[in-house]
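What follows is a group of structures, each given as C-alpha coordinates.
Shared chain: chain A. Partners: chain B in the first complex, chain C in the second.
== the complex of A and B ==
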(Lines of atoms letter the chains of each structure in order from A and count residues from 1; the text may use other names and numbers.)
(Lines give C-alpha, C1' and ligand atoms only; values in the text may rest on other atoms or scores of the structure.)
Protein backbone atom coordinates (compact mmCIF):
# COMPACT_ATOMS: atom_id res chain seq x y z
CA UNK A 1 0.00 0.00 0.00
CA UNK A 2 2.84 2.36 0.95
CA UNK A 3 4.68 1.60 -2.31
CA UNK A 4 1.49 2.18 -4.33
CA UNK A 5 0.98 5.50 -2.54
CA UNK A 6 4.59 6.53 -3.20
CA UNK A 7 4.33 5.64 -6.92
CA UNK A 8 1.00 7.50 -7.17
CA UNK A 9 2.53 10.56 -5.50
CA UNK A 10 5.58 10.60 -7.81
CA UNK A 11 3.46 9.97 -10.92
CA UNK A 12 1.00 12.75 -10.18
CA UNK A 13 3.46 15.26 -8.74
CA UNK A 14 4.43 17.84 -11.27
CA UNK A 15 4.34 21.56 -11.34
CA UNK A 16 5.03 24.00 -14.15
CA UNK A 17 6.70 27.26 -13.19
CA UNK A 18 6.80 30.07 -15.75
CA UNK A 19 9.89 32.26 -15.62
CA UNK A 20 9.53 34.44 -18.69
CA UNK A 21 7.07 34.95 -21.52
CA UNK A 22 7.41 37.05 -24.64
CA UNK A 23 5.10 37.75 -27.57
CA UNK A 24 5.91 39.24 -30.95
CA UNK A 25 3.91 41.05 -33.59
CA UNK A 26 0.92 39.36 -35.18
CA UNK A 27 0.54 39.85 -38.91
CA UNK A 28 -2.90 38.61 -39.82
CA UNK A 29 -2.87 40.00 -43.37
CA UNK A 30 -3.70 37.14 -45.71
CA UNK A 31 -4.25 34.75 -42.80
CA UNK A 32 -1.94 33.62 -40.02
CA UNK A 33 -0.88 30.41 -41.74
CA UNK A 34 0.21 27.13 -40.19
CA UNK A 35 0.82 26.92 -36.44
CA UNK A 36 4.10 25.37 -35.26
CA UNK A 37 5.77 24.64 -31.95
CA UNK A 38 9.42 24.08 -31.08
CA UNK A 39 10.59 22.92 -27.67
CA UNK A 40 14.06 22.38 -26.19
CA UNK A 41 14.71 21.08 -22.70
CA UNK A 42 17.42 19.92 -20.34
CA UNK A 43 17.27 18.03 -17.04
CA UNK A 44 17.72 20.25 -14.00
CA UNK A 45 18.79 19.08 -10.55
CA UNK A 46 17.72 20.47 -7.18
CA UNK A 47 20.73 19.92 -4.91
CA UNK A 48 18.82 20.77 -1.74
CA UNK A 49 16.11 18.17 -2.47
CA UNK A 50 18.77 15.62 -3.48
CA UNK A 51 20.50 16.03 -0.12
CA UNK A 52 17.16 15.72 1.71
CA UNK A 53 16.46 12.44 -0.10
CA UNK A 54 20.00 11.17 0.64
CA UNK A 55 19.55 12.08 4.32
CA UNK A 56 16.27 10.19 4.49
CA UNK A 57 18.05 7.03 3.24
CA UNK A 58 20.19 6.77 6.36
CA UNK A 59 19.45 6.85 10.08
CA UNK A 60 23.06 7.50 11.03
CA UNK A 61 23.44 11.01 12.43
CA UNK A 62 27.08 11.06 11.32
CA UNK A 63 26.16 10.20 7.72
CA UNK A 64 23.42 12.84 7.72
CA UNK A 65 25.95 15.40 8.95
CA UNK A 66 28.35 14.32 6.16
CA UNK A 67 25.63 14.81 3.55
CA UNK A 68 24.97 18.33 4.82
CA UNK A 69 28.70 19.11 4.72
CA UNK A 70 29.09 17.83 1.16
CA UNK A 71 25.97 19.77 0.09
CA UNK A 72 27.39 22.98 1.60
CA UNK A 73 30.77 22.45 -0.11
CA UNK A 74 29.12 21.85 -3.49
CA UNK A 75 26.90 24.92 -3.13
CA UNK A 76 30.09 27.01 -2.80
CA UNK A 77 31.01 25.82 -6.32
CA UNK A 78 27.59 26.71 -7.70
CA UNK A 79 27.23 30.33 -6.74
CA UNK A 80 25.36 32.78 -8.91
CA UNK A 81 21.87 33.69 -10.09
CA UNK A 82 19.60 30.75 -10.90
CA UNK A 83 16.38 30.48 -12.84
CA UNK A 84 14.71 27.15 -12.16
CA UNK A 85 17.08 24.33 -11.24
CA UNK A 86 20.71 24.12 -12.32
CA UNK A 87 21.57 22.24 -15.52
CA UNK A 88 24.88 20.75 -16.63
CA UNK A 89 24.79 21.96 -20.25
CA UNK A 90 24.02 25.55 -21.25
CA UNK A 91 23.98 24.99 -25.01
CA UNK A 92 20.63 23.24 -25.22
CA UNK A 93 18.83 26.36 -26.51
CA UNK A 94 21.55 27.47 -28.95
CA UNK A 95 19.93 25.74 -31.92
CA UNK A 96 16.57 27.42 -31.30
CA UNK A 97 16.80 29.90 -34.18
CA UNK A 98 17.70 27.15 -36.67
CA UNK A 99 14.89 25.00 -35.28
CA UNK A 100 12.35 27.83 -35.70
CA UNK A 101 13.41 28.39 -39.31
CA UNK A 102 13.38 24.66 -40.04
CA UNK A 103 9.67 24.78 -39.22
CA UNK A 104 9.14 27.60 -41.70
CA UNK A 105 11.66 27.70 -44.53
CA UNK A 106 9.81 30.60 -46.21
CA UNK A 107 10.87 32.77 -43.23
CA UNK A 108 7.39 34.33 -43.03
CA UNK A 109 7.02 33.85 -39.30
CA UNK A 110 4.51 35.79 -37.23
CA UNK A 111 2.68 35.58 -33.90
CA UNK A 112 5.81 34.31 -32.21
CA UNK A 113 5.67 33.51 -28.48
CA UNK A 114 8.61 32.34 -26.38
CA UNK A 115 8.18 30.84 -22.94
CA UNK A 116 10.89 29.86 -20.47
CA UNK A 117 9.48 27.46 -17.90
CA UNK A 118 10.39 24.64 -15.50
CA UNK A 119 8.55 21.36 -15.17
CA UNK A 120 9.27 20.45 -11.56
CA UNK A 121 9.43 16.92 -10.18
CA UNK A 122 11.00 15.61 -6.98
CA UNK A 123 14.79 16.32 -7.12
CA UNK A 124 14.84 16.85 -10.91
CA UNK A 125 13.09 19.19 -13.30
CA UNK A 126 12.74 19.87 -16.99
CA UNK A 127 14.17 23.26 -17.89
CA UNK A 128 12.24 24.20 -20.99
CA UNK A 129 12.28 26.86 -23.69
CA UNK A 130 9.13 26.70 -25.81
CA UNK A 131 8.41 28.62 -29.01
CA UNK A 132 5.07 28.85 -30.77
CA UNK A 133 4.32 30.76 -33.92
CA UNK A 134 2.61 30.84 -37.28
CA UNK A 135 4.20 30.21 -40.65
CA UNK A 136 2.51 32.33 -43.29
CA UNK A 137 1.88 31.00 -46.76
CA UNK A 138 4.78 31.33 -49.20
CA UNK A 139 4.58 32.64 -52.76
CA UNK A 140 3.44 29.29 -54.10
CA UNK A 141 0.80 28.91 -51.41
CA UNK A 142 3.00 26.60 -49.35
CA UNK A 143 3.52 27.22 -45.63
CA UNK A 144 6.79 25.30 -45.32
CA UNK B 1 31.88 3.73 5.17
CA UNK B 2 30.48 2.39 1.88
CA UNK B 3 27.51 4.74 2.23
CA UNK B 4 29.85 7.71 2.80
CA UNK B 5 31.83 6.88 -0.35
CA UNK B 6 28.58 6.48 -2.29
CA UNK B 7 27.27 9.84 -1.04
CA UNK B 8 30.57 11.53 -1.87
CA UNK B 9 30.53 10.01 -5.36
CA UNK B 10 26.93 11.11 -6.05
CA UNK B 11 27.52 14.66 -4.85
CA UNK B 12 30.86 14.93 -6.65
CA UNK B 13 29.11 14.24 -9.95
CA UNK B 14 26.68 17.06 -9.12
CA UNK B 15 29.66 19.34 -8.46
CA UNK B 16 30.39 19.65 -12.18
CA UNK B 17 29.99 23.03 -13.84
CA UNK B 18 26.39 24.09 -13.52
CA UNK B 19 24.45 26.61 -15.54
CA UNK B 20 21.09 28.35 -15.63
CA UNK B 21 19.36 29.83 -18.66
CA UNK B 22 17.33 32.80 -17.46
CA UNK B 23 15.56 33.80 -20.65
CA UNK B 24 15.52 33.46 -24.41
CA UNK B 25 14.10 36.31 -26.46
CA UNK B 26 13.40 36.61 -30.16
CA UNK B 27 12.77 39.64 -32.33
CA UNK B 28 10.20 39.62 -35.11
CA UNK B 29 10.99 38.12 -38.49
CA UNK B 30 9.62 40.99 -40.60
CA UNK B 31 10.51 42.17 -43.18
CA UNK B 32 10.14 38.58 -44.30
CA UNK B 33 13.13 37.06 -46.07
CA UNK B 34 13.95 33.53 -47.07
CA UNK B 35 16.55 32.17 -44.60
CA UNK B 36 18.27 30.25 -47.41
CA UNK B 37 19.57 33.52 -48.88
CA UNK B 38 20.77 34.78 -45.49
CA UNK B 39 23.73 33.89 -43.30
CA UNK B 40 23.49 32.78 -39.67
CA UNK B 41 25.60 35.10 -37.49
CA UNK B 42 26.19 35.02 -33.75
CA UNK B 43 27.89 37.03 -31.02
CA UNK B 44 28.78 35.87 -27.52
CA UNK B 45 29.94 38.08 -24.64
CA UNK B 46 30.52 37.40 -20.96
CA UNK B 47 30.65 39.20 -17.64
CA UNK B 48 32.82 37.62 -14.93
CA UNK B 49 31.51 38.27 -11.42
CA UNK B 50 33.32 37.46 -8.20
CA UNK B 51 31.33 37.78 -4.97
CA UNK B 52 29.02 40.28 -6.68
CA UNK B 53 31.84 42.49 -8.01
CA UNK B 54 31.55 42.71 -11.79
CA UNK B 55 34.25 42.93 -14.42
CA UNK B 56 32.36 44.57 -17.29
CA UNK B 57 28.97 46.26 -17.34
CA UNK B 58 28.69 46.76 -21.10
CA UNK B 59 28.74 43.13 -22.17
CA UNK B 60 25.20 43.24 -23.60
CA UNK B 61 26.02 46.33 -25.69
CA UNK B 62 29.24 44.61 -26.80
CA UNK B 63 27.27 41.60 -28.06
CA UNK B 64 24.96 43.89 -30.04
CA UNK B 65 27.93 45.77 -31.54
CA UNK B 66 29.64 42.49 -32.45
CA UNK B 67 26.49 41.29 -34.19
CA UNK B 68 26.13 44.59 -36.08
CA UNK B 69 29.76 44.37 -37.17
CA UNK B 70 29.17 40.94 -38.70
CA UNK B 71 26.42 42.34 -40.91
CA UNK B 72 27.51 45.91 -41.57
CA UNK B 73 26.17 46.05 -45.15
CA UNK B 74 22.81 44.42 -44.68
CA UNK B 75 20.00 43.88 -42.23
CA UNK B 76 19.64 41.35 -39.44
CA UNK B 77 16.42 39.42 -39.07
CA UNK B 78 15.05 37.17 -36.30
CA UNK B 79 17.54 38.07 -33.57
CA UNK B 80 17.42 35.62 -30.67
CA UNK B 81 19.05 36.56 -27.38
CA UNK B 82 19.94 34.02 -24.71
CA UNK B 83 20.87 35.21 -21.22
CA UNK B 84 22.48 32.57 -19.01
CA UNK B 85 24.83 32.14 -16.07
CA UNK B 86 27.62 29.61 -15.50
CA UNK B 87 28.24 29.03 -11.80
CA UNK B 88 31.63 28.75 -10.13
CA UNK B 89 33.52 28.86 -6.84
CA UNK B 90 32.33 32.08 -5.14
CA UNK B 91 32.04 33.50 -8.65
CA UNK B 92 29.91 33.23 -11.74
CA UNK B 93 29.87 34.27 -15.39
CA UNK B 94 26.87 35.93 -16.99
CA UNK B 95 26.63 35.18 -20.69
CA UNK B 96 24.79 36.74 -23.61
CA UNK B 97 24.42 34.87 -26.88
CA UNK B 98 22.85 36.73 -29.80
CA UNK B 99 22.06 35.02 -33.08
CA UNK B 100 20.39 36.29 -36.21
CA UNK B 101 20.18 35.99 -39.96
CA UNK B 102 22.15 38.52 -41.97
CA UNK B 103 20.75 39.53 -45.37
CA UNK B 104 23.25 41.49 -47.42
CA UNK B 105 21.90 44.27 -49.67
CA UNK B 106 21.81 43.16 -53.29
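== the complex of A and C ==
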Protein backbone atom coordinates (compact mmCIF):
# COMPACT_ATOMS: atom_id res chain seq x y z
CA UNK A 1 0.00 0.00 0.00
CA UNK A 2 2.80 2.40 0.91
CA UNK A 3 4.57 1.61 -2.36
CA UNK A 4 1.36 2.33 -4.25
CA UNK A 5 1.08 5.75 -2.59
CA UNK A 6 4.77 6.48 -3.26
CA UNK A 7 4.38 5.58 -6.96
CA UNK A 8 1.13 7.54 -7.15
CA UNK A 9 2.80 10.63 -5.65
CA UNK A 10 5.75 10.44 -8.06
CA UNK A 11 3.47 9.78 -11.06
CA UNK A 12 1.19 12.70 -10.31
CA UNK A 13 3.86 15.17 -9.25
CA UNK A 14 4.19 17.27 -12.36
CA UNK A 15 3.39 20.82 -11.43
CA UNK A 16 3.81 23.58 -13.97
CA UNK A 17 5.40 26.80 -12.81
CA UNK A 18 5.01 29.89 -14.96
CA UNK A 19 7.96 32.27 -14.88
CA UNK A 20 7.12 34.75 -17.57
CA UNK A 21 4.32 35.58 -20.00
CA UNK A 22 4.48 38.10 -22.80
CA UNK A 23 2.06 39.11 -25.53
CA UNK A 24 2.79 40.83 -28.83
CA UNK A 25 0.79 43.06 -31.14
CA UNK A 26 -2.48 41.73 -32.47
CA UNK A 27 -3.58 42.46 -36.01
CA UNK A 28 -7.19 41.37 -36.24
CA UNK A 29 -7.84 42.99 -39.62
CA UNK A 30 -9.25 40.29 -41.85
CA UNK A 31 -9.37 37.76 -39.00
CA UNK A 32 -6.71 36.33 -36.74
CA UNK A 33 -5.90 33.37 -38.96
CA UNK A 34 -4.84 29.85 -38.04
CA UNK A 35 -3.59 29.20 -34.51
CA UNK A 36 -0.25 27.47 -34.03
CA UNK A 37 1.99 26.51 -31.14
CA UNK A 38 5.67 25.65 -30.92
CA UNK A 39 7.54 24.50 -27.86
CA UNK A 40 11.16 23.89 -26.94
CA UNK A 41 12.34 22.29 -23.72
CA UNK A 42 15.49 21.24 -21.95
CA UNK A 43 16.02 19.06 -18.91
CA UNK A 44 16.77 21.03 -15.76
CA UNK A 45 18.29 19.64 -12.57
CA UNK A 46 17.37 20.62 -9.04
CA UNK A 47 20.73 20.46 -7.26
CA UNK A 48 19.23 20.54 -3.79
CA UNK A 49 16.91 17.59 -4.47
CA UNK A 50 19.63 15.68 -6.32
CA UNK A 51 22.01 16.02 -3.39
CA UNK A 52 19.27 14.97 -0.93
CA UNK A 53 18.63 11.82 -2.98
CA UNK A 54 22.37 11.11 -3.24
CA UNK A 55 22.78 11.57 0.52
CA UNK A 56 19.93 9.18 1.25
CA UNK A 57 21.69 6.48 -0.79
CA UNK A 58 24.69 6.37 1.52
CA UNK A 59 25.07 5.95 5.27
CA UNK A 60 28.66 7.14 5.35
CA UNK A 61 28.89 10.51 7.08
CA UNK A 62 32.04 11.33 5.11
CA UNK A 63 30.32 10.62 1.78
CA UNK A 64 27.33 12.72 2.81
CA UNK A 65 29.70 15.57 3.69
CA UNK A 66 31.40 15.22 0.29
CA UNK A 67 28.02 15.38 -1.48
CA UNK A 68 27.17 18.57 0.40
CA UNK A 69 30.54 20.06 -0.56
CA UNK A 70 30.02 19.23 -4.25
CA UNK A 71 26.51 20.73 -4.09
CA UNK A 72 27.83 23.92 -2.47
CA UNK A 73 30.65 24.29 -5.01
CA UNK A 74 28.26 23.88 -7.97
CA UNK A 75 25.78 26.29 -6.34
CA UNK A 76 28.48 28.97 -6.17
CA UNK A 77 28.58 28.97 -9.98
CA UNK A 78 24.80 29.29 -10.24
CA UNK A 79 24.38 32.68 -8.62
CA UNK A 80 22.30 35.50 -10.03
CA UNK A 81 18.75 35.81 -11.28
CA UNK A 82 17.35 32.74 -13.02
CA UNK A 83 14.08 31.10 -13.87
CA UNK A 84 13.58 27.42 -13.13
CA UNK A 85 16.34 24.89 -12.61
CA UNK A 86 19.78 24.89 -14.15
CA UNK A 87 20.21 23.42 -17.62
CA UNK A 88 23.40 22.32 -19.32
CA UNK A 89 22.74 23.78 -22.78
CA UNK A 90 21.86 27.45 -23.12
CA UNK A 91 21.06 27.34 -26.85
CA UNK A 92 17.92 25.23 -26.74
CA UNK A 93 15.63 28.21 -27.34
CA UNK A 94 17.52 29.46 -30.39
CA UNK A 95 15.64 27.23 -32.82
CA UNK A 96 12.32 28.88 -31.93
CA UNK A 97 12.41 31.31 -34.85
CA UNK A 98 12.88 28.60 -37.48
CA UNK A 99 10.19 26.49 -35.79
CA UNK A 100 7.72 29.38 -35.93
CA UNK A 101 8.46 30.00 -39.61
CA UNK A 102 8.02 26.32 -40.38
CA UNK A 103 4.55 26.56 -38.85
CA UNK A 104 3.70 29.71 -40.81
CA UNK A 105 5.59 29.99 -44.06
CA UNK A 106 3.61 33.08 -45.12
CA UNK A 107 5.47 34.92 -42.33
CA UNK A 108 2.36 36.94 -41.52
CA UNK A 109 2.26 36.20 -37.82
CA UNK A 110 0.19 38.03 -35.25
CA UNK A 111 -0.98 37.66 -31.66
CA UNK A 112 2.24 36.03 -30.49
CA UNK A 113 2.31 34.94 -26.88
CA UNK A 114 5.44 33.66 -25.21
CA UNK A 115 5.32 31.62 -22.04
CA UNK A 116 8.38 30.52 -20.09
CA UNK A 117 7.47 27.70 -17.72
CA UNK A 118 8.94 24.76 -15.84
CA UNK A 119 7.39 21.33 -15.60
CA UNK A 120 8.57 20.11 -12.21
CA UNK A 121 9.26 16.48 -11.38
CA UNK A 122 11.33 15.00 -8.55
CA UNK A 123 14.99 16.08 -9.01
CA UNK A 124 14.58 17.04 -12.69
CA UNK A 125 12.36 19.48 -14.53
CA UNK A 126 11.41 20.39 -18.06
CA UNK A 127 12.49 23.95 -18.76
CA UNK A 128 10.04 25.04 -21.42
CA UNK A 129 9.58 27.98 -23.76
CA UNK A 130 6.21 27.93 -25.46
CA UNK A 131 5.15 30.26 -28.27
CA UNK A 132 1.60 30.52 -29.52
CA UNK A 133 0.44 32.71 -32.33
CA UNK A 134 -1.82 33.16 -35.31
CA UNK A 135 -0.77 32.72 -38.91
CA UNK A 136 -2.56 34.94 -41.39
CA UNK A 137 -3.23 33.94 -44.95
CA UNK A 138 -0.48 34.54 -47.48
CA UNK A 139 -0.96 36.03 -50.93
CA UNK A 140 -1.83 32.64 -52.37
CA UNK A 141 -4.45 32.11 -49.69
CA UNK A 142 -2.39 29.56 -47.76
CA UNK A 143 -1.66 29.94 -44.05
CA UNK A 144 0.84 27.03 -43.97
CA UNK B 1 -3.84 37.41 25.45
CA UNK B 2 -5.73 34.93 23.28
CA UNK B 3 -7.59 37.78 21.58
CA UNK B 4 -4.34 39.58 20.65
CA UNK B 5 -2.85 36.36 19.34
CA UNK B 6 -6.00 35.70 17.31
CA UNK B 7 -5.84 39.19 15.76
CA UNK B 8 -2.15 38.80 14.86
CA UNK B 9 -2.79 35.38 13.31
CA UNK B 10 -5.78 36.72 11.37
CA UNK B 11 -3.73 39.68 10.11
CA UNK B 12 -1.14 37.31 8.70
CA UNK B 13 -3.79 35.01 7.26
CA UNK B 14 -5.92 37.51 5.42
CA UNK B 15 -3.14 39.75 4.19
CA UNK B 16 -2.24 39.39 0.52
CA UNK B 17 0.94 40.30 -1.27
CA UNK B 18 1.43 40.87 -4.96
CA UNK B 19 4.57 39.96 -6.85
CA UNK B 20 5.10 41.53 -10.21
CA UNK B 21 6.90 38.73 -12.03
CA UNK B 22 7.48 40.48 -15.32
CA UNK B 23 6.37 43.37 -17.48
CA UNK B 24 6.72 43.69 -21.23
CA UNK B 25 5.72 46.40 -23.67
CA UNK B 26 5.62 46.54 -27.45
CA UNK B 27 6.05 49.67 -29.56
CA UNK B 28 3.61 52.43 -28.65
CA UNK B 29 1.72 54.06 -31.56
CA UNK B 30 1.99 57.82 -32.03
CA UNK B 31 -1.77 58.09 -32.41
CA UNK B 32 -3.27 56.56 -29.29
CA UNK B 33 -6.89 55.66 -29.76
CA UNK B 34 -9.24 53.43 -27.77
CA UNK B 35 -7.58 51.46 -25.00
CA UNK B 36 -8.53 47.81 -24.64
CA UNK B 37 -7.69 45.58 -21.70
CA UNK B 38 -8.27 42.02 -20.64
CA UNK B 39 -7.23 39.83 -17.75
CA UNK B 40 -6.69 36.12 -17.36
CA UNK B 41 -6.22 34.48 -14.00
CA UNK B 42 -5.98 31.14 -12.33
CA UNK B 43 -6.42 30.15 -8.68
CA UNK B 44 -3.74 27.86 -7.30
CA UNK B 45 -4.29 25.98 -4.07
CA UNK B 46 -1.35 24.37 -2.26
CA UNK B 47 0.85 25.07 -5.28
CA UNK B 48 -0.77 22.47 -7.51
CA UNK B 49 -1.14 23.57 -11.12
CA UNK B 50 -0.79 21.45 -14.21
CA UNK B 51 -1.07 23.85 -17.13
CA UNK B 52 -1.10 27.49 -18.13
CA UNK B 53 -3.93 27.15 -20.63
CA UNK B 54 -5.83 30.01 -19.00
CA UNK B 55 -3.67 32.32 -21.11
CA UNK B 56 -5.10 30.92 -24.36
CA UNK B 57 -8.12 33.21 -24.28
CA UNK B 58 -6.18 36.48 -23.95
CA UNK B 59 -5.52 37.08 -27.67
CA UNK B 60 -9.04 36.12 -28.91
CA UNK B 61 -10.59 38.24 -26.13
CA UNK B 62 -8.50 41.30 -27.01
CA UNK B 63 -9.33 40.73 -30.67
CA UNK B 64 -13.05 40.66 -29.81
CA UNK B 65 -12.70 44.00 -28.02
CA UNK B 66 -11.00 45.49 -31.06
CA UNK B 67 -12.79 43.76 -33.89
CA UNK B 68 -11.13 44.20 -37.29
CA UNK B 69 -8.50 46.47 -35.77
CA UNK B 70 -4.87 46.37 -34.81
CA UNK B 71 -3.74 46.41 -31.18
CA UNK B 72 -0.42 48.14 -30.57
CA UNK B 73 1.45 49.27 -27.49
CA UNK B 74 0.66 45.97 -25.78
CA UNK B 75 1.54 46.07 -22.10
CA UNK B 76 1.70 42.68 -20.36
CA UNK B 77 1.77 42.51 -16.58
CA UNK B 78 2.45 39.07 -15.18
CA UNK B 79 1.76 39.00 -11.46
CA UNK B 80 1.07 36.65 -8.59
CA UNK B 81 -1.22 37.48 -5.68
CA UNK B 82 -0.64 35.50 -2.49
CA UNK B 83 -3.48 34.91 -0.06
CA UNK B 84 -3.60 32.99 3.16
CA UNK B 85 0.13 32.59 3.92
CA UNK B 86 0.93 31.34 0.44
CA UNK B 87 -1.39 28.34 0.52
CA UNK B 88 -3.77 30.00 -1.89
CA UNK B 89 -2.58 32.23 -4.69
CA UNK B 90 -3.78 33.73 -7.90
CA UNK B 91 -1.72 33.99 -11.04
CA UNK B 92 -2.91 36.98 -13.01
CA UNK B 93 -1.89 38.31 -16.40
CA UNK B 94 -3.23 41.72 -17.38
CA UNK B 95 -2.83 42.71 -21.03
CA UNK B 96 -3.73 46.12 -22.43
CA UNK B 97 -3.11 47.97 -25.66
CA UNK B 98 -4.35 50.63 -28.06
CA UNK B 99 -6.91 49.60 -30.65
CA UNK B 100 -6.10 51.17 -34.01
CA UNK B 101 -8.79 51.11 -36.64
CA UNK B 102 -8.02 52.03 -40.24
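Keep in mind that, in the parts below, the second predicted complex is superposed on the first by the 140 of 144 C-alpha atoms of A that agree within 3 Å, B and C clash if a C-alpha of one lies under 4 Å from a C-alpha of the other, contacts with A are read in each partner's own complex, and residues count from 1 in each chain.
Here is the rule we go by: a contact is a pair of C-beta atoms (placed from the backbone, for glycine too) under 8 Å apart; a residue touches a chain by one contact, two chains touch by 3 or more.
If you're wondering where the values come from, they're calculated on a predicted model, not measured in any experiment.
Q: If we overlay the two complexes on their shared chain A, which of chain B and chain C does A:25 touch? Say first, second, both or neither.
A: both
Q: Does the superposition put A:134 against chain B (first), chain C (second), both, or neither?
A: In the superposition, A:134 touches chain C alone.
Q: Name the contact category of A:86: first (chain B only), second (chain C only), both, or neither.
A: In the superposition, A:86 touches chain B alone.
Q: With both complexes superposed on chain A, which partner does A:53 reach: first (chain B), second (chain C), both or neither?
A: Neither partner.
Q: Please work out whether A:101 is in contact with chain B alone, chain C alone, both, or neither, and reply first, second, both or neither.
A: Touch status of A:101: first partner only.
Q: Please write out, lowest number first, the residues of chain A touched by both chain B and chain C across the two complexes.
A: In chain A, residues 19-20, 22, 24-25, 27 are touched by chain B and also by chain C.
Q: Can you list the residues on chain A that touch chain B in the complex?
A: Result: residues 19-20, 22, 24-25, 27, 45, 47, 50-51, 54, 58, 60, 63, 66-67, 70-71, 74, 76-84, 86-90, 92-94, 96-98, 100-101, 105-110, 112, 114, 116, 127, 129, 131, 136 of chain A touch chain B.
Q: Under the stated contact criterion, what part of chain B meets chain A in this complex?
A: That would be residues 3-4, 7-8, 10-11, 14-30, 32-36, 40, 49, 77-78, 80, 82, 84-95, 97, 99-101 of chain B.
Q: Residue numbers of chain C touching chain A in their complex, please.
A: That would be residues 21-22, 24, 26-27, 47-52, 55-56, 58-60, 62-63, 66-72, 74, 76, 78, 91, 93, 95, 97, 102 of chain C.
Q: In the complex formed with chain C, which residues of chain A make contact?
A: Interface residues on the chain A side: 14-30, 32, 111, 113, 115, 117, 130, 132, 134.
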